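We just call them A, B, C, D and E in the order they show up, numbering each chain from 1.
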Amino acid sequence: MTQLLSEHGGTGTVPSADAGTGAESAGRAPVVVLENLGKSFGSGAPVLEDINATIRQGEFVALLGASGCGKSTLLNIISGLDGPSSGALEVPADGAAFMFQDASLFPWLTARRNVELALKLRGVGRAERKARSVELLELVNLGHSMDKRPHELSGGMRQRVALARSLAQDRPLLLMDEPFAALDAITRDLLHNELERVWKETGRTIIFVTHNVREAVRLGQRVLLLSSRPGRVVAEWNVSEEHRTDAGAAGALTADITTRLRQEIRKHA
Amino acid sequence: MTQLLSEHGGTGTVPSADAGTGAESAGRAPVVVLENLGKSFGSGAPVLEDINATIRQGEFVALLGASGCGKSTLLNIISGLDGPSSGALEVPADGAAFMFQDASLFPWLTARRNVELALKLRGVGRAERKARSVELLELVNLGHSMDKRPHELSGGMRQRVALARSLAQDRPLLLMDEPFAALDAITRDLLHNELERVWKETGRTIIFVTHNVREAVRLGQRVLLLSSRPGRVVAEWNVSEEHRTDAGAAGALTADITTRLRQEIRKHA
Amino acid sequence: ASSASRNVETSVAAPTQAETLKLGYFANVTHAPALIGVNNGILAKNLGSTALETQVFNAGPAAIEALNAGAIDAAYLGPNPAINSFVKSGGESIRIIAGATSGGAQLVVKPGITTAAALKGKVLATPQLGGTQDVALRSWLAGEGFATTPSGGGDVTINPTDNASTLKLFQEGKIDGAWLPEPWASRLVLEAGAKVLVNEADLWDKGEFATTILIVNKSYLEKHPETVESLLAGNAESIGWLNGHHSEAAKAVNAALKAQTGKALADDVIDRSLSELTFSADPLAATFPKLLQAGVTAGVGTQADLSGIFDLAPLNKVLTKNKKPEVSAAGLD
Amino acid sequence: MPETVTSPMLKSGTEDDMRSLEAGLDSLQSDAVERRRIDFSRVLLPLAAFIVLLLAWQFYVSLGLRRRDLVPGPLDVLGSLGALWQAGTAQEAVWTSLQRGIIGFTVSIVVGTPIGLLLSQVRLLRRAFGPLISGLQVLPSVAWVPAAIIWFGLTDATVYFVMFMGAIPSIINGLIAGVDQIPPQYRRVGQILGASRWEMAVNVVLPAALPGYVGGLKQGWAFSWRSLMAAEIIAMGGSLGFGLGSLLEQGRQLSDMGIVMSAILVILFVGIAVELVVFAPVEKRLLRGRGLLAGSTR
Amino acid sequence: MPETVTSPMLKSGTEDDMRSLEAGLDSLQSDAVERRRIDFSRVLLPLAAFIVLLLAWQFYVSLGLRRRDLVPGPLDVLGSLGALWQAGTAQEAVWTSLQRGIIGFTVSIVVGTPIGLLLSQVRLLRRAFGPLISGLQVLPSVAWVPAAIIWFGLTDATVYFVMFMGAIPSIINGLIAGVDQIPPQYRRVGQILGASRWEMAVNVVLPAALPGYVGGLKQGWAFSWRSLMAAEIIAMGGSLGFGLGSLLEQGRQLSDMGIVMSAILVILFVGIAVELVVFAPVEKRLLRGRGLLAGSTR
């Protein structure tokens, strides 16, 4: 099953797994290419199997799937933190920004210093670092708690610091693992808007995992559905402009996706 | 502001903070009574202020509030893990079962042993412990991953183990801090049903925190809304039988609560 | 210090008066010639332009290590460490150039033990396994018909223990006796009520055996024979002073001890110790083969060739100058 | 509902009650209350323990079971300590040893930390030299003395060398153990943030391992102080400064238990002082900064 | 988009390539690959390091800068080790010391663990005795020898006592340090689960502190082995068994650097063997079970 992709040379000749990709991104260069990707831990049953997908530059892709189906594992592989057991993949050479499922803040640094560290490791100068980290933390409504340590923050606040940190990394590819799970509906709405703005302004490629189907439809241009045990891309939807403007169309799509997701989970019940 | 409640003697003479408590639970004994409760960390601004609430036996109460408003802090105080800075409270003498916001599993025990430990500390015999833990893990759809260690579980799976563990404690009062945040919609639905069944069967008193207004309406008999900085109970809704059967009424209530929540957050924008 | 030794090894200049002489000795009554020589300025006076630096040690092995490291050039110590170092280095390390003290070792026991036969099953201490007193005790016991083994078995248990502990253990009743040098034998007698069962002097010809000798680094001797001669002259003068001032000796030695360690011996202890000791520049070379042989017999030593360990020519020069009889190296030079 | 009673801890809303509860060893008290009491209990309790031990000792001695010169009482020791103090010996010894201890320990940290970090980060080196360093750690300091004397003569270099051989392996091992316990997630975050090997070591691994590392330093201090004493005991005299170890050995040579006990007490006292003055506050700050203090008995 | 290139690590899908990468010190390899290579590199690398050091030593000696009896070469030492082996002295010494070491260390664990747990759980005791125990830890073992000889005579009890005084405070402190680093959340969970003080200690605190505790045990072993050597060096002979420390001291008395170096090498070897055979596997299992192994160089 191992298949090296080097002959393709990352020039974008690999066909997308989905022929019906939205027109606006079809012509762009692929940023992430997954080919027959498989992953298993130790001698256990495969977690991911035969994953094929192409994500092009500037796309905003939502990843859906039941709990434990392998979404985080897939992001780990794309980020280079973990290697695939089989198959091959192409990812940006300079890695990806990654917002982990747990906030994963460094407990010895305050919220602000956590964000500053990301900037520092990117090579941002001291003065700019300070200004930028304050700006980012204000973006996520944490201007008042910048100097608290992680253990003094609430769960949702930690998640927002992690969000600020992932934005601070300023990489063209951004992976987000349930970035808004611990947030209340209103804060979440606000941050949806902010994230969309950042995406549009910077043209980053974003892959994000969510359990909220509406969130997926609200933000994603494309929605991928992963099955469980083993994880495979079993369905894919394009979210068109129509879905964004027309609440009814969005509702229909949401219902459609939810039904499909329910089917997937039934299989294992 | 300190006011001892001992003269009340926990006999249920303390009036509920809300006069309109649903008829079905109005006559029952109060399990948790909060009186003018306040909490601040160190010399910081108060996190909770002047909280008044009475929760009666067998009630299912949902706690809503913006991220960082003090919901987890309140549960900590009710569980006895933390003391209030001012005010007084009455809680069951034998403590409460508590499902933490982070799963807080012991990393040196497998999923099953984590649940078994809760049973063991309750004094359950070895043989029964085993059967019961398997049963509970199957309840949360984890029959297949019982012998994995926490670091081998996905975020949602960890949360489900924590749920199983909190049910294993079998205490009359159950506190749950965003128990379903990391779960996909379908698993969440299934577990909603299970939790409701357990609640009805055992007559436990449940206080649960959620960010999902629909979840609050779906499960709670009563919904409390906490304001931010400082946290106060600013609104309270009773969820009647009508809301459960009639989707339209539920939708209206959800919209109502969301509007109020939005107002609360606006105040700090 | 180490740089000095390297200089010594590398340069092949003609014999000269050295700039310094680094001398090691113990702050112990058996080292009285060194104590008097240093404290009363006798050695410094004899060394003239050569500066005297001194270093106090607690035990022979440390002194030998310092000698090998070049931290000292000459040392007063017991015969055993000197023999060991000489043998192990194949004759490269040191030379014995004079004696200082002899005699002064006794087997002291609990008052109840009055005969050798009563020692059966008892526990005795010696300062050090394979040391002079240890060997003496073992060969004496063998002569009395007792079997002993170096690992502590046999009819009489021998516990090599340092002297300070021995005193305490004897006071505590945990040992029955010990073969000890001065001042410890006197301390056990006077401070712990021990009785003398055997005087080591009785076991040797003329009652003489080396307790403290003066050794010098071989290369130092080769490079600075004149300095060594001055040292020997000082040693002889100290010994002469001790032998000529019996009444003042105790006070002077105690003053030196007090200066070195901050604590003097009790008057009766030092008096008794000095009366047991003999001070002489003769290293008693003839006793060395016997010493070695006794060790081999007792199973705590190995046979070795001692020829060359003595270099008594400078000493004899000094003795001749002082109009005293020359001493013999008993064929070991 | 009869089970519903006011929880005992929470019944007492006033701070005085809280304090009495704390004295009752309750581990739930709030940070604020804790902070105010620290200085008292931190100094008074060890002092009380010390005085109790002293009284027990005096009591044992006054039973007269042992000869007074073999087992001197606290007063005898105090007398002999006083004499040493007046003669200036005690101060000189403490000063010499402390000076050596601080210099030696500082150098050990400076040498041991980069080595430890390197070994903990580079598997090849760790595998190759890790066991050797653990082996060196169990080698008694006294074993080095003969070799050190031959190499360095009777100079302070010998003493320092012996100290280094005691402290450096211990510091290295402490750091490695601390690094081993870092949750891997921290490294993953560092990697995602684009940290180079060096940045990872400095910005992630070292701070994450800090509590374990400080623990290692404590043990390292114990090793270096003990090695120093051993070195001073064995290699004493002449041009070598007169330290606490030398004082101990001198007392032993003179069979003067008063001096021996004085030296032991002073060594003990220096050890406790270093613990209380240097390590305890550092550890406390570290743990507090990470929110690890709650529920700890520190 | 030119920056989009295949990431270097992931390009190599085959396991062979992965292996070569691992040799290149990459810390990203998967568990499965790692597991297979362990035994080789764990034994061969230390051996290689050892051989390199041996060669360097031989080279230095063959330069002839120092007298051979002062700085013997590896071959001389091997010869003297061989002689000791044939005489049975080496085996006897190793056996005696190892036996004492194991007994003493076991007793130290059995005594130190409950004390450590108690101190870490009860603030009053911790505050009162913690500094004292840290002080005891820095007290050199040799300081105990004179007192121990008086109390216990020249018996094995003296040796064990000195060991205990070295190992027990270190084990206690290691456990306390481990307990201090437990995330408070674990205790909170234990409390919520209704654990009594004792259940908390056994079911939560001890397992949570286990990695730190094992680290403490390692240091404790180092302390007890070193104390044992010190005791054997000072209190040797007679009715006391002949251990490695005694062998070392005998070599020193006889000015025989061959014996001294042999003893040092054997002590070192025992230390390394204990590390590799006892502690390394235990630590490894512990860390792996908690998912702390990823990215570690262990």
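By definition in this document, a contact is a pair of C-beta atoms (placed from the backbone, for glycine too) under 8 Å apart; a residue touches a chain by one contact, two chains touch by 3 or more.
Every value quoted in this text rests on a predicted model; they were computed, and no experiment measured them.
Asks: Give me the set of chains touching subunit C intersected with the set touching subunit E.
Replies: Shared contacts of subunit C and subunit E: D.
Asks: Touching subunit A and subunit E alike: which chains?
Replies: Touches both subunit A and subunit E: B, D.
Asks: Can you pull out the chain pair that has more C-beta pairs in contact than any other?
Replies: Comparing chain pairs, contacts are most numerous for D-E.
Asks: Per the centroid of Cα atoms for each chain, what is the distance between subunit B and subunit C, given in Å?
Replies: Once rounded, the distance between the two centres reads 86 Å.
Asks: Mind checking the centre-to-centre distance between subunit B and subunit E? Centres are C-alpha means, answer in whole Å.
Replies: From the centre of subunit B to the centre of subunit E is 48 Å.
Asks: Centre to centre, by mean C-alpha position, how many angstrom separate subunit A and subunit B?
Replies: 30
Asks: Residues of subunit D that contact two or more other chains, please.
Replies: Subunit D, residues with two or more chain partners: 70, 146, 150, 188, 252, 291.
Asks: Touching at least two other chains at once: which residues of subunit B meet that condition?
Replies: 41, 80-81, 94-95, 102, 152
Asks: Could you check subunit C for residues that touch two or more other chains and list them?
Replies: Residue numbers touching two or more other chains: 61, 65, 68, 164, 168, 172.
Asks: In the complex, go through subunit B and note every residue touching subunit A.
Replies: 41, 64-68, 70-72, 101-102, 145, 152-157, 160, 177-178, 181-188, 211-213, 258, 261-262, 265
Asks: Within their complex, state which residues of subunit E touch subunit B.
Replies: 185-186, 188-195, 199, 203-204, 207-208, 210, 289-291
Asks: Tell me, which parts of subunit D touch subunit C in their complex?
Replies: My answer: residues 67, 70, 87, 89, 146, 149-155, 234-239, 249-250, 252-256.
Asks: Touching subunit D in the complex: which residues of subunit A?
Replies: 79-81, 94-98, 100, 102, 104, 106-109, 117-118, 120-122, 149-152, 165, 169
Asks: What residues on subunit C touch subunit E, complex-wise?
Replies: 60-61, 64-65, 68, 81, 84-85, 88-90, 92-93, 123, 125, 128-131, 151-152, 157-162, 164-165, 168-169, 172, 174-175
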